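Given below, in the form of structure tokens, are the structures.
You will see two complexes here that share subunit A, one where it goes with subunit B and one where it goes with subunit C.
Our next item is the complex of A and B:
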């Protein structure tokens, strides 16, 4: 178990280094000279040269990379090139907002996906199963921001059940927080819900045909108990999808946050990318990849618990 | 994927034609294809259809409601929405095509190579694919957008790169499946090069899944593309749906229609692609959807219910199991298929009945019906089913299932697949004892341990703590026998209990079954294809063929004077199997027994 954990942590660390290094070079090569974006069109060449000097952009790229990496491993991501605030401060202010909607969406997807998946798995040719099949086809493909716009139009503007925009911190008001993240979370979760339900349904069909299910029934176990066995065997695929969806939700959150005007990392990513604020962008990349690594690690732990065979591979 | 399995030259063409003609028989498929073609035509011929210049600004048209000249009204800048929508379709389709192409070019060759060659190639490509999947694509896209001045084609190539793992996975699994086919080895032996095999066999297997994946990918790429445009990234001079949605979003409180038009266009296009993909996937995939469930045990007399086969030798009230005129039917896409046609048999307490026949003769289906454990798409009708002298055929489902594990024990055929891989052996033995027999946790555990010792497992505590994959097949079968007998049943049903085991273990397991049967005075019904097993353990035999009982009698009778040529053939086949018979006999003699054939 310890070796399993260590190996997973190591591979997560490697992934983190590889992705952030790649992002570093990609950002520098793609953006080239960020001073144009930072200073605007009216800046004189002298002003831009001075800023380049100040930001250390005249040094060799590898030197800059080493400088960034050696600070980053100590948790220091430098300061924003726009307002010279520490990157970590800006990000840590916004992470709770993004995590609120992404975690809420993931929970929503897990719970509703589980319920719908079990219901349709038990009655694979029932009405709910057919509705799920149609819904999964469409909802999987439709982007979260499109769903967001529809939800805003329907529930915020027409029905006025929820606020259209804005974020209320949890520390400020719990009910206000819940109301402000409801629509964004649903918008993010819909696609994930149908994916998870669909995976579970397929898993149920597959596992139900396996011999041990018949043997469990032959032992006299109730339908409810047999269902628990089937569920545990059918869940790995759905859990894997849940983890993949989490990565997708982090990306999808960017546009959704902008639609709902939530001060999360989405709007920060957008504004940083528009002016070429590379330290902020790299900090954001690190944070998201860390989330991805942590979620994948948790997934592996859960999978190992669900199916003991995995642990020994 | 039948086309992959048939190397005949003409096969792929006709298979492809068949696929399209089958596709065109699906209403959803036709509708989706029609909508998608409409969008394609609208995009291609936008200059012809568009009533106005999409970029012409007419201030009078600013946020105007629809009218006869401007069917969808004007946007916030005073431009004709319909014209912009038509021209926007071009951008959308172009972007999706670029993304799909990139995904195919990056993903398919890598996936085919990884699946076909395996080894290091597979590991390296799979690692890269997993890595790409865990990168938050939107952030990278924004970085790329910032750097390239938001060049639309470069952006869509990047989107395609993030879609490549999807193509990679599907081509890898298809190539892997093809690689395992025997005809690939044959082709290798015949001297075909890897390149030639990849070209003729692997690509043929991969192309249909790639088309399906492309329908999905195109939809997702359209979503990401409009999302980027919505953020103001991408070519602003060309009309595009994302920018139109952004325009509508900013005025949605006052002029919701401006948002609605492009949203509807995007939603309908993506939905059409998704339905095209899922219809194709339905047609190609081998997974069969379960047939609609019919009324269970409907008592409709079918034309064949009249002729029953087999004989009943015990009075119903004194039988342990009695099956009267059983029919089992499976609903298949091509209509109903009858697998058991009028079977009668019975067994008395303490008696051992063998049901013998080759695979497909309906013997397993017969016992599953008696236990009410048929798969969902199977249904059984019988004049009567009796258990322990009681008629149970007409009991409600729950009452019948209450007999399982208490009056009836079941020993399955394949030991490894009949234990739940997720739970320990201990849990699987203890759970029924607690849930069905209401024993306390400690008592149930003690009973499970006792039973394991009884079936010849010398280290019960280790086995109880093990997961199924950690024990051998022979041991797993002992565990299953322990589980079947733990509830003190009066009837034990064993479905080919020795077929999946090593020859030496077979003899031990048969001996164990016989001992347990005598110790607990159970009736034992043993399903087998092997007359050797019958000779070893049974009192009476029912021989089945094509869903009918063709002969019944005592073991001595049947072996001395087989009444049916088929029976004689089966007996001969069992005896011809000299190698394994000799081993079985040797094992038997070692166990201090003689075989009484």
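Our next item is the complex of A and C:
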């Protein structure tokens, strides 16, 4: 297990270096000189030249890369070109927002998906199974922004149960925080719920027909214990989907963050891209890659725990 | 085990109920007497006045900083921390008397030393520096007076200072470079970091005993940066905002809701010519070609179809209502395709010519009209797609491009910023190549007051004659506010400072 963990950590570190290095050069290649976007429409060529000098953009690109990398490994991603604040400060303010909605959406998707998946797995021809089939088509067809807007119209504008926009940190108010993330989390989770339930249901049906399940039943185990055994064998596929969904939701959060005006990493990515704020974009890339590596690592551990055969492989 | 599950379930339901119960209390609209919630388009760029953006930072910075000079609703400079000012007879020294008894939030006093330090900081700033480009030195006259020495006469200086380029910050905070993350000013409000969530909401509480208390009637001001117009509109509908930066398409809906609607021209929209000498694209060096392009576009129709009718159809870069604006010039290039084609033929281009123009997502709403109309003149456009950031950087390297350029509500500032000086959209003004225009610029520099305004009006006419650019219309910025709250927009400020948001 230790070798397994170390191997995973090493491949994660390599992935981090490769992706961020590629991002550095691609960003500089794509954005080039960002001073016009940063200074606005009243900037003179002299001001732009002064800013280029101040940002160190006149230096060779390799020198800039080495400078960035040597600071980044110490957790210093430099300062934003837009507001000259430390990038790490800005990201640390925004990560909790995105994590709040993504983790809540993942939990919601996991819990509801699990319940619906088991229920439809137990009764594959029941009404719930048919509803799930229909919902999977409808929810995949509906754009996320439309679902978000409908939630806002119904629960924020009409009923006024939840705010239409904004985020309240957990440290300010637990109820305010819950209220501010409820609608965005539901908007994010709806598609994931259906996907996880479908995966679980399919896995459930497949495992349910295997010989060992028949043996368990023949030995007189209760229906509940048999279901638990089936679930344990059917869950790896759903867990993999859940982990992929988590990473996908991190990226997909941008639409929800814009509609609900949440100051998360999605909206920061959008604003940094618009003006070509490379230090912020690189900091966000590092954070996202770290999330992907950590989630995949945790997934491997959980899969290994659920099914020891995975560990042996 | 079941007990734990039940207890967890009860706790979650209780929390959810508490959340829903609180929803009405904190998301409902607040009365104008105490609290106001303002939705603006962008997040604060920086708390450092030298790094801040003049456009949308107004509501944030005006809460925590006092300016040396403010503007009234007609864009005239009025006293703030500078209580009065006089120019020397040669207009090369501006002496300002300063308010006494003012302290910054960190306890430092505001005096001439602080003002000098601030102005030097602003002059050195990458974003604020242009306002002080003509300033050669700033000196302390005495404890309550400073002298600003100019390299040349600058009629736009006081206006630009009032627009948002003279916020005074604590010199200690400037020296410590602490302003990028936290403000330190003497303004009417204190930034409440405990109640604020950077990037989402900024809460300001009124300072007791501020010298200009009557200008700021609200006890608590909350500013929400909301980039998406739909989200902003939804926030107004749900009662989360009292004031919102608005999309003109929502005006009928706003009126049905009984909200106040305030609009004012903010930008000009059209085609900017950057090669009036015809060095890269010979046809543009011919005035008849530029005039033909002006005649070919129906600005009023484009305003209606693309600009949702929110603005003024005009061919001028001086904002409608400005003393230099001349309504009689608006007919000079009335839509006339036959005349446009005749001018092209007279110039020797009856079959048009080829041109490459830049394009980005922001300007795409106008692209079909440009393609079609220039096509009618035989001008075949090859589009070069750019990202929005690259557009601003590279658009002016093309001989002509679709432009949206901010307006100024000060005639002298408009002359300098839109016509005479190098800007990103006008990198090569070449005014010396247009003798009459060049002469007028010299006269404007040598006069002041009403005489100067008369000369600027003549310049406006000459710029229009020369088809200096092809302006289709001036577009409005629009703001919604709940009943009982009045927003007074100012051309030049993309979002008004707090002194322009009042009860009423």
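The rule we apply is simple: the second predicted complex is superposed on the first by the 309 of 313 C-alpha atoms of A that agree within 3 Å, B and C clash if a C-alpha of one lies under 4 Å from a C-alpha of the other, contacts with A are read in each partner's own complex, and residues count from 1 in each chain.
The rule we apply is simple: a contact is a pair of C-beta atoms (placed from the backbone, for glycine too) under 8 Å apart; a residue touches a chain by one contact, two chains touch by 3 or more.
None of the values given here were measured: they were computed from a predicted structure.
*Asks:* Is A:225 touching the first partner subunit B, the second partner subunit C, both, or neither of them?
*Replies:* Only subunit B is touched by A:225; subunit C is not.
*Asks:* Between subunit B (first) and subunit C (second), which does A:274 come into contact with in this model arrangement: first, second, both, or neither?
*Replies:* Both: A:274 reaches subunit B and subunit C.
*Asks:* With the two structures laid over each other on chain A, which partner does A:263 touch: subunit B (first), subunit C (second), both, or neither?
*Replies:* So A:263 only meets subunit C here.
*Asks:* Is A:47 contacted by the first partner subunit B, the second partner subunit C, both or neither?
*Replies:* second
*Asks:* With the two structures laid over each other on chain A, which partner does A:19 touch: subunit B (first), subunit C (second), both, or neither?
*Replies:* First partner only.
*Asks:* Using the superposition on chain A described above, determine whether A:67 touches subunit B (first), subunit C (second), both, or neither.
*Replies:* In the superposed model, A:67 contacts neither subunit B nor subunit C.
*Asks:* Just subunit B (first), just subunit C (second), both, or neither: which does A:157 touch?
*Replies:* Touch partners of A:157: subunit B and subunit C.
*Asks:* Report, in rising order, the residues of subunit A that make contact with subunit B in one complex and with subunit C in the other.
*Replies:* 30-32, 37, 149, 152-153, 157, 258-259, 274-276
*Asks:* Of all residues in subunit C, which touch subunit A in the complex?
*Replies:* 15-16, 18-20, 22-24, 26-28, 43-46, 48, 51, 53-55, 126-127, 129-130, 133, 180-181, 194-195, 197-201, 224-228, 230-232, 234-235, 237-240, 387-390, 392-393, 405-406, 417, 421-425, 427
*Asks:* Help me check something: in the complex, which residues belonging to subunit B touch subunit A?
*Replies:* The touching residues are 131, 133-140, 142-148, 216, 219-220, 223-224, 226-227, 230-231, 245, 249, 252-253, 256, 259-260, 263, 266-267, 270-271, 273-275, 277-278, 287, 289-293, 368, 371, 373, 375-376, 401-406, 408-410, 412-414, 417-423, 428, 431-432, 435-436, 467, 469, 480, 483-484, 487.
*Asks:* Could you list, by residue number, the parts of subunit A that touch subunit C in their complex?
*Replies:* 30-37, 39-45, 47, 50-51, 54, 82-85, 89, 93-94, 97, 149, 152-153, 156-157, 160-169, 172-176, 178-179, 182, 258-263, 267-268, 271, 274-276
*Asks:* Where on subunit A is subunit B touching in the complex?
*Replies:* Touching subunit B: residues 15, 18-19, 23, 26-27, 29-32, 37, 124-125, 133, 137-138, 140-143, 145-146, 149-150, 152-153, 157, 202, 205, 208-212, 214-222, 225, 229, 232-233, 244, 247, 250-252, 254-255, 258-259, 269-270, 273-276, 281, 284-285, 288-289, 292-293, 296, 306-309 of subunit A.
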